[in-house]
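The structure appears below as structure tokens.
As written, the chain order gives the labels A, B, C and D, with residue 1 at the start of each chain.
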Amino acid sequence: MIKNILAAALLIAATFTTVSAADLTHKHALNLEVAKAIAAAGEAHARANNWNVIITILDDGGNMLYMQRMDGAQIGSIAVSLRKAESAINFKRPTKVFADGIATTPGLAMLPGAIANEGGLPIVVDGEVIGSIGVSGVTAQQDGMIGQAAIDALPKILGN
Amino acid sequence: MIKNILAAALLIAATFTTVSAADLTHKHALNLEVAKAIAAAGEAHARANNWNVIITILDDGGNMLYMQRMDGAQIGSIAVSLRKAESAINFKRPTKVFADGIATTPGLAMLPGAIANEGGLPIVVDGEVIGSIGVSGVTAQQDGMIGQAAIDALPKILGN
Amino acid sequence: MIKNILAAALLIAATFTTVSAADLTHKHALNLEVAKAIAAAGEAHARANNWNVIITILDDGGNMLYMQRMDGAQIGSIAVSLRKAESAINFKRPTKVFADGIATTPGLAMLPGAIANEGGLPIVVDGEVIGSIGVSGVTAQQDGMIGQAAIDALPKILGN
Amino acid sequence: MIKNILAAALLIAATFTTVSAADLTHKHALNLEVAKAIAAAGEAHARANNWNVIITILDDGGNMLYMQRMDGAQIGSIAVSLRKAESAINFKRPTKVFADGIATTPGLAMLPGAIANEGGLPIVVDGEVIGSIGVSGVTAQQDGMIGQAAIDALPKILGN
């Protein structure tokens, strides 16, 4: 048993090669501090309108980075907010595009990982999609306004 | 085994900190007695019409509190009844709203946790959604009538 | 669209019956402000130790209220953190109880909704379980220390 | 369209052949009235001990027939109660058999549809398994006692 583990360790050591990163792609990445600030901007817009929503923020890999549910928001909007954010990062476009298109392209309803309701938006920096936000809890149009307010706060958050 | 349970109990006692709840939100909650009475009112309406259905009742968190299947009801209606109840608590509105809206808003078909068939209704007390009922087994309209009969019994059940 | 929403609102108003809540159970509920403060206490403890973790907070119905992922935390810990919080609310006890018990009670491995790794704790106020916290990202014991630090901050958060 | 529907109806009529049932197997079947009585017997035993549990009853096809959650029972026990009942009908034996066997047969933990915790029992009439009951909420041993009390009430319920 011990011998097997040693053999495995040697194999792994032989497999890993230390290389320089010069040839790799580089990408911007959201971090928790920025995600919190984006969500706070969305929450501020929601509170100003007495709207209670869920806000979910995903990174560029579609993995959850931040989520908050305002008091009184319906629990079904937890999954909807997540799905909107997933749709936005999955397809690098706002969910409004699908909401607008589904009447003439009903096949969109069968697109895995997509949702045809406004309120999901990609987070874009220097033309690069670095994450997404999903908002749900009020009407789809209002959800979209909250998401847009969060996105519009980005330049200020990033100090531009 | 007993020793393990005792140890666990001590651990829990040590872990819990008793604090005052003054700053928390307070809310009403369904209990089993009320849930049974609501289902019985629905069942009575179903029997009077020779309809055999499944009735599912969820609490405010969407967790199952009560479920019964009348003899002869199709087994597929078990999941449908649950989905209707989930949709009603998830979105704090009757599933009829989605059934009516989907023709003009086809994107509703992509809403996770929702169903566009009549028969799911929120249970509301003092303006607060404390749970939901889902009925399935006959036509969607008949399912909705049974659900409504159950909801209409609430004032009598609660002694008003 | 607006017309549809208005119609839906009228339908809801007609469907809901306002009744007294005298016979119902009453319960406390977490809110977003308290959840953020609990997570912040956990995050402070993590930062002080240079630990990067995910913190998830659920309400009493097991529905997500708040989630944050610190930079550098492994993405697998997102689901683990959620599972720990679910286990804690599902079974109203710390996940450490299962971690300690599984050696002598191997059947625990088959318990749906449970996890046998430290780091999930119920949030208790006045003896009532009002939610849970799940922490994942470092060792199970360290996850548990972060969760405990978050729980220990409750009296201060609630002004006691 | 109408023509297609007529063609389909004719096809179905041609496919269905009315036959005598003499050659078929006959089986006893649980019904809602008996299921409610079984659950009531379990609930009475639980109340007498101040235990709050979930009781789930499945038919011979493993489909849910009845479910009730007593006030204060932990929500995780909803899924556990269901899993116990599923295990009992899936394998036509009490879950205690797996709970007792897992220490010496750890592979049981990988058996799909099984659970190694006491509290799931088949409902047997004239040597025929007609359904199952799953109880969860207190200790596994206590869950098993409630399930047994429910099963023991069967002769009286069936008028024997």
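Basically, a contact is a pair of C-beta atoms (placed from the backbone, for glycine too) under 8 Å apart; a residue touches a chain by one contact, two chains touch by 3 or more.
Since we're looking at a predicted model, the values are computed, not measured.
Overlaying the C-alpha trace of subunit A on that of subunit C calls for a turn of 175°, given as a multiple of 5.
Farthest from subunit C, judged by the mean position of CA atoms in each chain, is D.
Centre-to-centre separation of subunit B and subunit D, using mean CA positions: 21 Å. Averaged C-alpha coordinates give centres for subunit C and subunit D that are 31 Å from one another. Taking the mean of the C-alpha atoms as each chain's centre, subunit A and subunit D sit 42 Å apart. Under the contact definition stated at the top, the residues of subunit A that touch 2 or more other chains are 71, 75. If you sketch which chains touch which, the pattern fits none of the simple shapes: not an open path, not a single ring, not a star, and not all-to-all.
Here subunit D touches subunit B in the complex through residues 31-32, 35-36, 61, 63-71, 75, 78, 139, going by the rule given at the top. Within the complex, the subunit C residues that touch subunit D are 25, 61-62, 86-87, 89-92, 106-107, 109-114. The part of subunit C that touches subunit B in the complex is made up of residues 1, 4, 7-8, 11-12, 15-31, 34, 59-63, 93-94, 96-97, 100-101, 104-105, 121-122, 124-128, 130, 148, 151-152, 154-155, 158-160. Across the complex, subunit B is touched by residues 71, 74-77, 79-80, 83, 98-99, 102-103, 106, 108-109, 114-117, 140 of subunit A.
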